[in-house]
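Report on the following structure.
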C-alpha cells in the first residue's frame, strides 16, 4: 500500500498543482516532496521490520494474458532510489523557489509528473511497467525544456534529445519482449529465470539492446552527444532532475534488469560495455577540461562520473553494485548542488564563462566555502559521499579488469584538474569589476546549499545506513547471478 | 460447332477490345467495346446463361455505353490526341500489361483440381430465369436490398456533383 | 474435362480468355491517359470477371455466381454514373479529360 | 587506556569546527591559543597512549563506528594503537603544537588568521587519522585530507594566482600518486579480500601469502602513492612550489609531518615490501636518485625556503633508501629526527623572513647573527643537526642509514655518504650567507630588523633542544654501551610493528663508519666555511651564472619544463582536439548525419509520389505482379 | 442486422427529412440513430446465433462485427460533431453530404459483418462510391476534384482486382460463403493455384483500400486533396472497416492459408513503414504529413492481419479505436486551424496553438504522442500489441523496422508539437463550438483512459 502511496503522491500533487493554478503550485510541489520523503522514511522503517504486513508490495492484474501487471515492490535498492527522489524533489522545488516561471502551475505539475514516473520506475517489479515509466518520464522533461528552456535552438536540441533517448529505449522494449516470449510474464523474477536459461550468445544480443537503451540515457560515450546541449537548454530545475534522478533510471535498470538477467552475456561480451564506460570517463573528463562555460563543464563531468558508475555496476560484484547504489545517491545530490551553484552564479553574472569571473571568494566567502565542499564531493575526496561511491566502484571494477580500473581511475586525477581549475577561475584570485558586486546569498539559497553540503558530508562520513539498506538486496541479486 | 463459336467469339472479343483501347476516336472505342460486350454475351449463351446474356446486353450496351456516348457527345471529345505520352512510357505500359497477363495465365495454366470437378447435371438449366429468380429473391434478397442503398447513394452523389458550380480558386 | 458437352472447351479456356481480357483492361488503363477510355478499360476488366464467374457457375452448376454477376453489373452501372459525373465536373474545371493534367497533388 | 585514542583526533577537529563556525569576533590570541590548546590536549593524550605501549601492551584496535560495508568489503572507522602509530602521534602532536604556537606570532598580522588556525587544526586532524587508521582506506582518508589541507594552505593567500597554481599543482600531482595508491588497494583487495592491517599483517597474515608478482605490483603501486606524498622523483616537483604557503605550513606540512606520510605507509606495509625484492629495489633507487637530485639542486638555490625544501626532498630520499634496504625502523628514526631539525630550520627561516619583512632571497641577507641572536643560534643547531655532527640528532639517524647502506650495497653507501657531504655543504652555505658577512638588504629592511616575539622564539628553542637530544632514542650499539644507555631503543620499540633487518652489525665497523661520516661532514663544512666565510664569496645573481651545470641546477634540472612539454601540453592538446574535432564532427556528426541522410533519402523517395495517375496505376499493376510472383 | 437496418434507413430518413423541410431535425436524428445502433449492438452482444437465416446467412453479427460496429458508430458520432461546419452551406448540400456519409457508414457496417463474398463486395462498393463523391465534394476546389478522381479511378481498379480474386476463389471452392470457403480451403491448402491467385488478388485489392505499399500511392494525394473532414472520415472509419474485413477474411475464410502469406504481408508492411515514415519526415503540409502517418499506421496494423490466426481481433479493435481517436483529433484540429486562416495547411499553421486554444493543443499533442506510441497513451499499447504479435511470429527484423520507423515518426510528430508550442505574436484565439471544445477534452481523456482501461479487453472475447 505504501508503494501505491509513494506513487500516488506526486501524480495527485501534479493534478492538484494543475488545478489549484498559479498561486499554490510551488507550495503544493514542496509539500508533496516532503510528504514523499516522510512516506519513504516510513517505508524504510517497515522494510527494516521485514515488512510484517506486506505494506511494501502491491499487485494488481492489468492485462493478465499479456503478462502485464501493475505490480510494485520496495526492496533495499529501490528504497535508496526512493530516498534519492524524495530528497531531491523538495530540494529542487525549493531551489527554484524565487524563480518566476510563466505558468508555474504547469511547470511544477511537469516536475511532479516526472518525479512520479521516476518513482514508478524505481518501485515497480514488472519489466514492462518499468519501461512504461521509463518512457513516460521523457514527456514532462521534454516540455519543460521546450517551453521553459533557454537558448535559441532549444527546439532542435530537445528534439534530438527526445528522439535519441526514444531510439535507445525502444531497443529495450524489443529486448523485453524477446525475453517475454520465453518467460510469459514481465515480472522481474520470471524475466530473470527466462533470460538466464538462454544461451550466452542470445544474452549477448539482449545485452547489446539493453546497453544501447541505457547507454543513451546514462549517457555513455559515444551516445552522449545529446546530453550537454540538453542540460544547457533545460531550465535549471529540469537539469537538476535530468542529472539528479532521470539518468539513475538507466543505471537502476542496469542493476535490476541487466545484471540479474544476463550474467553469461555480460561474462562473454560485457567487456565491450565496460570498455565504453571506461572510455567515456576519460573522454568526458578531457571534454570537461576544454569547456569554457561552467554549465557545460558540469554536464561533461557528470558524464565522466556516471561512466564510472555504470562500469562499476556492470562489473557485477558486491562492491561494484553497492558502490553503484551509493554513487547514484551521491551523484544525484552533488549534481543538484553543482547545478544550483551554477544557477546562483549565472543569475548574478548573467553568464557562466569561467574566465570572465574570479575573486568571488573574496566577496562572498560563505558561498565559496559551500561551493568548495561540493567540489570536493565531486572530486571524490574521502569523507564526502563521492568517495564512498567511487572507491567501491573502483574496487568492484578492479575485480573485473585492473586495466579498465586504471583507465577509469584517471577520473581521480582529471576530475581534480577540471574541478579545481573551474573553482579557482571563478572563486579565487583578485575580484574584478564583474564580480565585485556579487550579491550575497539569499536565505533560501543558503538553506539549499547547506542541505546539499550537509548530505554530502554526512553520507561520506556515515554512509553505512544506506549501504546496509541496500546490502541484503544486492546479496540476493548476487545469489541469482552466481 | 460450339468449339468454333468459342474461338470465334473470343477472337472477336479480344480484337475489338484491343481496338477499343487503340482507337483515337472515343466514339469508335465505345462502338468497339459494344462489340466486345456482344461477343461476351455470346459466351453467356454458350454457357447456358441466356437470361444473363440478355441482361448483359441491356445493361451494358443499352445503358452504360449509352451513358458513355452521351458524355462524349456532351463534352464533344472527338479525336483525343493523347500521343503526347512518351513512347518509352507506352512501351513500359505494354510490357507491364503483358507481364501481368503472362503471370496470371501462367498461374492459372495448371488448374488440375478443377479437372475432376464434375460439371453438375443441372448445369444446363441454371441459367433459366426461374432459377435465377429463386436464387435472387430468396437467398440473395439481402444483397438485393442493399443494392438499392448503393444506387441511392450513387444517385445522390451523381446529382450532388452534377449541380453546376463555377470554379474559382 | 470439358465444360460444354461435345466440345473441347474446358474451364481453362475460359480462364485464359478472362485472364486475357482482364490484362487487356489493365493494358488499356496503362496505355491511355484519357479518362473516358480508361473507364471503358475498367468496364472491360469487370466483364472479364463476369465471364469467368458465369463459366464457374456452369462448372459448379450453381446459380449464385450468376446472381453475383447481376450485382457486378449493378455496381458497374453505379460506378459509371458517379465516375462520369466526377469526370464532367473535372472537365468543367479543367476543360480536358487528360488524366496527366491532374498532378497538383504530389510529393 | 587505549580507548582514549579516539579523543586524539577529536580535539583538533573540534578546534577546527569551532573556529570555522563560531570563530568570528574572538581575539586572535584566543583563537590561536584555542587551536594550539586543542593540539596540546591531543599531545597529552598521546603521551598517555604512548605510555601503554611503553609498558609493552599488545597492539590494539579501537573501533569508533561502521563506515563502509559492501559484501566482503567491510571497513570501520577504527584506530590502531601500536608502537608505530603512537610514536608518530607523539611527534605529530608535539611538533604540531609547537608550530601552532609559533604561528600565533608569525601570522598575527594576517587578516586570515582564523582561517589559518582552522586549517592547521584540520590538517593535524587528518594527519592523526592517517597514522591512526587501522586500514588502508582510513589511511587514505587522512592521506587525501592532508593533501586537501596542504592545498588550502599553499593557496592560503588566494588572491595571488601564483599561489593558487602552486596549490593546484600540489593537489594534482598528489592525486596522481593517490591513483597509484587506490589501484594498489584495489589490487590488494582483490587478492586478499581485506584492507585491514589487522588481517593483513598482525593477526591474519594475508600480505605475506601474496604471490610475489602481485606483491611487487601492489608494492610499487603503493609506492607511487608514497612518491606523490613524499615528493620522490618524478612526482617531487610540487614540494618546492609548495613553499608559496606561509612558513609554518612549510615547517609542519612540507617538512615535519605530511611529507613523511609516505614513509609511514611503507613502514606500515613493511611485511608486504619485505615480500618483494623488486619493489624494495625500486624504492631504494628512486630514493637515492631523489636524494642526490634534491641535494644538488639545493646547492644553487638562493631562496632560503627553496633550499630547505630541496633539502627536505633529499632527506626524504634518504629515508626511502633506508626503507628500500629493509631498515624500516631506521627510516622512522630519521623521520623523527628530521621532523625536529627541519621544523626548526623552517621556523628559523620563518623568523628570518619575519624579521626581513618578507624577504626570502639569501643574496639580500647576511650578517643577521648580530640582529637576531636566538634565531641564529637555533638555526645553527639545526644546521649542525642536519649535517650529522655528533652528538646531534641528525648524526645518529643518518649514521644508521649509512650503516645499513654499507651492509647491503657498497655503491649505495658511497652515494649516501656523498649526499650527506652535499647536505652539510649547502646547509652551511645557507647558514653563512644568511647570518654572516655584510647585510646586503635595503636600508629600511636593515632598520626594520628585529628578533621575533616569544611565541616564535620559544618553539625554536624547544625544537633546538630536541634536535640535540632527539637522536638518543636510537643510539648506536657502541655509543650506547659507552654511555650506559640502552642502544637501538627505537628499533626494539618498533620491532612488533615493522619488519626488522636480520643482523645487527659488528660494533667495530659501526665506529669506523661513524668516524668516516663525521669526517666527511666536517670536511664539507670546512669547505663551505672557506668558500663563503673566509673568502666571503657570495651567491651569484641569476645573470652572472655562466656555466651550464650551474645553470641546469639553478633551473632544477628543468623538470617542470619537461613535464610541461610531455604531460600538460599533450593532455590539453588531446582535449582540445576532442573538443574541436571528435565531438562535433565525428560523434555528433554521425548522429546528425543519420538525420540528414534520412532527409536526403526522403527527397529521393518522394519523387516517386509523382502525382501522375498513370504512374500510380503502373505501380499498382507491377505490385500485383510482384505479389503474384511472391507466392 | 438491426444495426444495418437502422443505419441504412437513417440515410434515407435524412433525405426524407430534407424533402419534408425538417432540416433542423437532421443532426439530432443522426445522433439518435447512431446511438441506438450502439445500443442495439450492446443488446445483441454475446448471442452469436446467425440472425435472419432466411437471408442465406449473408451477414454474421458476431462479437467482432458488433464491436467494430460500435466503434464505427462511435467514431461516426464524434466525426459528425467535430466536422459539423463541413456540412454547412446551402441546405441541399448539407443533406446530401449527410446522406452520403451515412450510406458510406452503412457500407462500413456491412464490411465488418459480412459472411459472404457478395456482401463483402457490395459493402465495399457502398462504402466507396459515396466516398468518391465526398472526396470530390468541394466542387470549386480543383484539388478536391483531383482527389475525387484519383480516388474513384484507382478505387474502381482495385475493386475490379478484388472481384477477379473473388471469382477465382469461387472457382476453386464453388462458394461465396465464408464458412464453406474456409472448409474447402482447409482441404485444398496451397495446392490450388486458383485459390492462391485469388487470395493474392484480394490482398492486392485490399492493400489498396487500406493504403499499404505499393498500393498506397493514392492515399497521400487523396487525403491532401479531399476536404479535411472527409480525410478524417477516410483515415478512421474506412480504415477500420477495411481492416476488419481483411481480418475477418484471414482469420476465418483463409485461415488455412494465412501462413502462406505472412511473408508477403511482412514485406508489404516493412516497405510501407519505411517509405511512408521517411517521406513524411520532410512534409511541410501538415495534412499530407498526417496522411503519410496514417499510411504508416496501416503498415503497423498489417501486423495484425499477418498474425490474424494467433492474435485475437480485439487487439486490432483496440488499435483501430486508439488510432481513430488520435487521428480524429489531429485532423479535427487541422480542420479548425486551417479553416480559420484561409486554408493554410502548412505545419506553421499550428504555431502558437497552445495559446490560441489550449484544450485543442493539449488534445492534439496527446494524439500525436499516442500515434507515436509513447506511454501512457493508448497508442503505446496498440503498437505494443502489434509488435509482440509480430515478434511471436518470429519476425524480429520487421519489429526492428517498426521500431526504427516509429523513431522517424516521432520526429515529424514532434515537428508539429514544437510548432504548437512556439509562441507567436498577435495570435487570435481559435474559437470552436462548445460541443467541439468538449469533444477535444474528451479525446484527450480517452487517449489516456484507453491505456489504463485496456484491461477491459479481458472482458470481451473474439
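Each chain gets a letter, A, B, C, D and E, in the order it is written, and its residues are counted from 1.
Here is the rule we go by: a contact is a pair of C-beta atoms (placed from the backbone, for glycine too) under 8 Å apart; a residue touches a chain by one contact, two chains touch by 3 or more.
Not measured: the values here are computed from a predicted model.
Visitor: Work out, leaving subunit D out and holding the others fixed, how the remaining chains group together by touching.
Guide: one piece
Visitor: Any chance you could name the chains that touch subunit C and subunit E both?
Guide: Touching subunit C as well as subunit E, we find B, D.
Visitor: Compared with subunit A, which chain's mean CA position is the farthest off?
Guide: Relative to subunit A, the chain with the farthest C-alpha centre is B.
Visitor: In terms of CA centroid distance, which chain is the most far removed from subunit C?
Guide: D
Visitor: Kindly work out which chain lies most centrally, taking the average of its C-alpha atoms as its position.
Guide: So the chain sitting closest to the middle is A.
Visitor: Ranking chain pairs by how many C-beta pairs touch, which one is first?
Guide: More C-beta pairs are in contact between B-C than between any other chains.
Visitor: How big is the gap, in whole Å, between where the Cα atoms of subunit A centre and where those of subunit E centre?
Guide: So the centroids are 43 Å from each other.
Visitor: Round to the nearest whole Å and give the separation of the Cα centres of subunit C and subunit D.
Guide: 99
Visitor: Whole-Å distance, subunit B centre to subunit D centre, using C-alpha means?
Guide: That gives a centre separation of 103 Å.
Visitor: Calculate how many whole Å lie between the centre of subunit D and the centre of subunit E, each centre taken as the average of the chain's C-alpha atoms.
Guide: Going by mean C-alpha positions, subunit D sits 79 Å from subunit E.
Visitor: Can you list the subunit C residues in contact with two or more other chains?
Guide: Residue numbers touching two or more other chains: 11, 15, 22, 25-26, 29-30, 33, 59-60, 62, 64, 67, 71, 75, 78-79, 82, 86-87, 89, 93, 99-100, 102, 104-106.
Visitor: Could you say which residues in subunit E touch two or more other chains, in rising order?
Guide: 118, 122, 125, 129, 132-133, 136, 139, 142-143, 149-150, 153, 157, 168, 171, 174, 196-197, 220-221, 411, in rising order.
Visitor: For subunit B, write out the residues touching at least two other chains, lowest number first.
Guide: Residue numbers touching two or more other chains: 85, 92-93, 96-97, 100, 104, 107-108, 111, 114, 117, 139-140, 143, 147, 150, 153-154, 157-158, 161, 167.
Visitor: Hey, which chains are touching each other here?
Guide: Result of the pairwise touch check is A-D, A-E, B-C, B-D, B-E, C-D, C-E, D-E.
Visitor: Taking the touch rule as given, give the residues of subunit E at its contact with subunit C in the complex, in rising order.
Guide: On the subunit E side, the touching residues are 117-118, 121-122, 125, 129, 132-133, 136, 139, 142-143, 145-150, 152-153, 156-157, 159-160, 163-164, 166-168, 170-171, 174-176, 220-222, 224-225.
Visitor: Flag every residue of subunit D that touches subunit A in the complex, lowest number first.
Guide: By the definition above, subunit D touches subunit A via 65-73, 137, 140-141, 143-145, 148, 155, 158-159, 161, 164, 168, 171-172, 175-176, 178-179, 182-183, 185-187, 189-190, 571-572, 574-576, 578-579, 583, 587-588, 590-592.
Visitor: What does subunit A use to touch subunit D in their complex?
Guide: Of all residues in subunit A, those touching subunit D are 160, 164, 221-222, 224-226, 283, 286-287, 289-291, 317-319, 321-323, 359, 361-362, 376, 381-383, 387-388, 391-392, 394-395, 397-399, 402, 405-406, 409-410, 412-413, 416-417, 420-421, 424, 428-430, 462-464, 467-468, 471, 474-475, 478.
Visitor: Considering the complex alone, what residue numbers of subunit E touch subunit D?
Guide: These residues of subunit E touch subunit D: 149-150, 153-154, 157-158, 161, 190, 196-197, 200-201, 203-204, 207-208, 213-215, 217-218, 220-221, 260-261, 263-264, 267, 275, 278-279, 281-282, 408, 411.
Visitor: Could you list, by residue number, the parts of subunit B that touch subunit C in their complex?
Guide: For subunit B paired with subunit C, touching residues are 1-3, 6, 10, 13-14, 17-18, 20-22, 26, 29-30, 33, 36-37, 40, 43-44, 46-49, 52, 55-56, 59-60, 63-64, 67-68, 71-72, 74-75, 77, 80, 82, 84-85, 90, 92-94, 96-98, 100-101, 104-105, 108-109, 111, 114-123, 126-127, 131-132, 134-136, 139-140, 143, 147, 150-151, 153-155, 157-158, 161-162, 164, 167.
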